[in-house]
Amino acid sequence: MSEKLRIAVCGATGYTGFELVRLLLNHPKVELAALTSQQSAGKKMSEVLRSVAGRCEIVLEKLDPKALAKKADFAFLALPHGEAAETAAALLEAGLKVVDLSADFRIHDLAVYEKTYEHHKAPNYLKEAVYGLPELHREKIKKARLVANPGCYPTATILALAPLLKNGAVSHDGLIADAKSGVSGAGRKADLAFSFSEVENGIKAYGVFTHRHTPEIEQELSGAAGAPIKITFTPHLIPMNRGILSTVYARAKNGLSTADLSALYRRFYEGEPFVRVLPEGVPPRTQDVAGSNYCDVSPIGAGDGRVICLSAIDNLVKGASGQAMQNMNLMMGYPETAGLEGFAAVP
Amino acid sequence: MSEKLRIAVCGATGYTGFELVRLLLNHPKVELAALTSQQSAGKKMSEVLRSVAGRCEIVLEKLDPKALAKKADFAFLALPHGEAAETAAALLEAGLKVVDLSADFRIHDLAVYEKTYEHHKAPNYLKEAVYGLPELHREKIKKARLVANPGCYPTATILALAPLLKNGAVSHDGLIADAKSGVSGAGRKADLAFSFSEVENGIKAYGVFTHRHTPEIEQELSGAAGAPIKITFTPHLIPMNRGILSTVYARAKNGLSTADLSALYRRFYEGEPFVRVLPEGVPPRTQDVAGSNYCDVSPIGAGDGRVICLSAIDNLVKGASGQAMQNMNLMMGYPETAGLEGFAAVP
Amino acid sequence: MSEKLRIAVCGATGYTGFELVRLLLNHPKVELAALTSQQSAGKKMSEVLRSVAGRCEIVLEKLDPKALAKKADFAFLALPHGEAAETAAALLEAGLKVVDLSADFRIHDLAVYEKTYEHHKAPNYLKEAVYGLPELHREKIKKARLVANPGCYPTATILALAPLLKNGAVSHDGLIADAKSGVSGAGRKADLAFSFSEVENGIKAYGVFTHRHTPEIEQELSGAAGAPIKITFTPHLIPMNRGILSTVYARAKNGLSTADLSALYRRFYEGEPFVRVLPEGVPPRTQDVAGSNYCDVSPIGAGDGRVICLSAIDNLVKGASGQAMQNMNLMMGYPETAGLEGFAAVP
Amino acid sequence: MSEKLRIAVCGATGYTGFELVRLLLNHPKVELAALTSQQSAGKKMSEVLRSVAGRCEIVLEKLDPKALAKKADFAFLALPHGEAAETAAALLEAGLKVVDLSADFRIHDLAVYEKTYEHHKAPNYLKEAVYGLPELHREKIKKARLVANPGCYPTATILALAPLLKNGAVSHDGLIADAKSGVSGAGRKADLAFSFSEVENGIKAYGVFTHRHTPEIEQELSGAAGAPIKITFTPHLIPMNRGILSTVYARAKNGLSTADLSALYRRFYEGEPFVRVLPEGVPPRTQDVAGSNYCDVSPIGAGDGRVICLSAIDNLVKGASGQAMQNMNLMMGYPETAGLEGFAAVP
């Protein structure tokens, strides 16, 4: 009988699945017990993800919650929304703890979820689910059975704005997040729009005024502000694999300087293991967080009320699988940074 | 005696110089008469820019306005600011027409120029110089001896906002331009910050609240609005060679729809050879303008007052050398599109 | 009644089709009469290829040789092999001249074609078809009705080796071409293997000892040598859009120096408008030919018999659509460089 | 008093220095005691390498062997050649063990070193130094005080060819290594040739017949073969940050199949923790080793005597700093894989 926590990764052959496998293989407290994939069932994980060859010869299996419940104590769901909700329900009923990386349990308001995504397949778990941003909800996460892992854009944007809204430092009106993402955020799939030839050497915006991460961001910012918050969120696709930079625009109630803002952010994030407030005026680079679980933030004040906060994450780590593992650490009482000590490889 | 217009390119071995040579070599009305370079004088142009080998064996020479005045009728200045002003004065006095690609004559207000750049070396020409954005100042350009070619960020941003401000459609407050540029905008130089290893796979903002293109943008937007305009301008560096995307945020006085905006932009740019208003809701891609003199714009309205206008240019063509040649065409009475018929090579 | 040559592009919405449209729109002697696309029929070309918006509002149509024969005098086939052969036959019978960019008529030996590709659908035209590499077969091309446009790798590799083999300067044994291609060579399609996330930041070889361009290269090298030639051809995929570099290894019968080789290549390519022999010892860069119809070659000798010849092309221009237009120019008696005067945009 | 091994990294602000710091910070048996930098002395490491902010606040110091000898037990030299030799001598005399990442002690033959590089500054240590490729010299490394860490190209190329030469499976004549490297191999410096704008979107060869890694490769291959070996080595620069692919051409004495070769390589590398022989016929991708210490190799036989072996490494890890740490592990009796368990982050 194993003393390590037995892990199932459902949806192991997408990019967030890849990243979970990469990180979990070097986590000291866990072992991979089951990996699922609809398309690659029967193959070894290392045939699909050659980077782990020699260290992960597990055979991929079809997703069967009952079978998983016998092998695993804890599950990560890297599945499409809808499918995630159903699977989460089945695994929770079988006694597993679950971190769901899909959007299914992020939105507390069922109507908002169903307007944004689709008919919800396990609405009775919505109330129990905890939004898995440790910097805002650490204590709830520690006690949760079901954690809804935040989206990548929301992670970067909420961490940029929460200190301002929690401290009542900025107007609730006119908030803008102009975000730029690498291509891995689109997932692992055959799609002309994300082919190298289409993406390289160019940039475009997409989902202007309509991106599905907007309600998720607004929910959490509203919680931070204690009042309903609206935000204009504009994502862009840029020619790199990993990374999100969110450039957030707000208006301070008085003319905060960069020094004022820096002090405010340092207080807010004091003791946080994965949020780094950069030296005053230094803009974050996504290169410096790629592959790591860090979020680098840097608030800048014009002195006349205008405030820009820049935040950088790796969309697959702090924006997905690394944060999911951070949540597991909290849920299981492990050191919060276990398995997440790696740095960006620069350059 | 030649019947073609004899051209001097001063500063032919930077990237805007390269681009002038590339474009001028295929212009039907002109011939290259002199190319200058401080560092590469004595070499053939084709040794520095191998892409034109076999078609441009001119030997680079040191910059000497008197010598140039004997060989050339028209000069493009792709020189550092300061040096450009001095050279422009000398060439104008010798009877040449000049398009200056530096910032030296873009800012009408001497005090603003000197605060933003440095002591001005030819202030007596400020009044005569015409800001070379044909879409706003075509008639003046036609009569000008000295044209100040716009900056790359200003070109993209002004073309995105001018229709709104000229039509009084948006509030003058809270304008934001979040711009993203390829690396060629930094010029041709040895600089660790722009080395491949530092730039690839990442994005960062720079010059937050302080970039020198801000006063230039504000001057032209103020002219368009007929009132003083301030804008928050945030440039970003992204891992591609060519292209600028400017994402401009404004607030309409009433809830303009995308259809309303599209109609407004189409009227404004009707007949313009190089501004393309995209179909409603289609976001521009820098890929589709790279290497060409086009500016693709696409305004999008949320319906609740929020307006985003996206504009894409090639920073070295419409944002520099192509626009400079467009200005030459206007100044000389040539067809405005002569030599600028090329399209982006996609992919 | 038009005096321009009326052109049909069959398969206009792949990347070689895009490139034909880009180039033909600025060719002084031709007009686009019909563009076909199976998947996008009914759309305007400019909806699919936004870079030509405003200058190409032709509606895409399904491929119907009879309909095309009424509208067009000359056809480019940018179709999958097999489909190209059938279409070529129909169009030739209807009186059009044809440049086929597929592999269907490149291999003279039917058995070799059928082993390498598939059952040939128009073998009776094999004898008539001319291999469209102007540097080797210009006079035949001028008289041809049907030209088989060379493959991208073959173009780069044959131009690197032909001077050596034609002059009997190297051994016929042990020839190796280690070639590196940008991703656009894979075509415009949804395919995980060519998605940005899979290709960026990496390199791999593929088709080792088995790539289908090998027999085509060997056919032409055998013709140049006047004896059967075998070559080891290893293609690699690298993270850029356009460009092929072929690094060719040969063994000279005596210890040719770089100067000897350079002289030999200069003689061989004297007067060629699109092959540039670089200064001694200067290695070609694909950047310097991208977007243009040039092939830059540079032979280097170790002095002990070892010879390396490097050649660089744009796979979509000299390696496909530009060369196709060069062939059209020859077939129609136009200036060979008409419409192909453009240079690489550097950087 | 610390029980951890106290480490000095000399030259911590180049890319191999960065990588040493990244890896050593997570090594369980060591602690960073001193970091040197000529240009950045006085700054904190985290100001130069922001990726380690919060975890490495050491202040950079000028290189002073006497001062280092008091603080450190073990030194890595990431210094220019020449400077490395002098520093190594001083540190060895002070009792430290040294892994030198420069070329200074790689070449056993002083005359060859001095012809290839420069006057040697510590030739009396040449005999003692061990070439630090564990797969060939593990037992000597374990006992060494001074290890010469292999070059990046040599690591990839020797690991590709050693099994063939050690087994007498291929001819000694006509060996070719056509290698492709990412840009980080050029180091951290301001140099126009390695600026983003010059490198992106292109490929070129360099150092044809003259690259300084050739004698190093030949020395080790000669050792493996037990006879003098010559090789033609052609490096290329490609637009990615990390990774080397070496495509090695050899001629087997009999017609080895891929299966034969695969078996031979598996026997040769059995038990090696960092060399992975891929499944038959699967070409390695540099993406799958980037950031990790793995070397993926894949030999392919044409069956007619022609053999190609492909090998992929991360030039900064297995090709430099990771292998240096692997050597430290061997020299100190630590588990060979300590601190090197990380995988490539894919994508």
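Just so it is clear, A, B, C and D label the chains in written order, and each chain counts residues from 1 on its own.
Here, contacts are C-beta pairs under 8 Å (C-beta built on N, C-alpha and C of every residue); 3 or more make two chains touch, one makes a residue touch a chain.
The structure presented is a predicted model; accordingly, all values stated were derived computationally and were not measured.
Of the two interfaces, B-C and C-D, the higher number of touching C-beta pairs belongs to C-D.
Look at the CA centroids: the one farthest from the centroid of chain D belongs to B.
Once the centre of each chain is set as its mean CA position, chain B and chain D turn out to be 46 Å apart.
Separating the centre of chain B from that of chain C, both taken as means of CA atoms, is a distance of 35 Å. Centroids built from CA atoms put chain D at 39 Å from chain C.
Listed for chain B are residues 15, 184, 188, 197-198, 200-201, 239-242, 284-285, 287-288, 290, 347, each touching two or more other chains. By the touch criterion given at the top, residues 174, 176, 178, 180, 182, 197-198, 200-206, 208-209, 232, 234, 236, 238-243, 245, 247, 249, 251, 281, 283-288, 290, 300, 302, 306, 308, 310, 312, 347 of chain C touch chain D in their complex. In the complex of the two chains, the chain D residues touching chain A come out as 15, 18-19, 22, 25-26, 47, 49-55, 184, 188, 201, 241-242, 276, 278-279, 282, 285, 287-292, 296, 316, 341-347.
On chain C, the positions that touch chain A within their shared complex are 15, 183-184, 186, 188-192, 194-201, 239-241.
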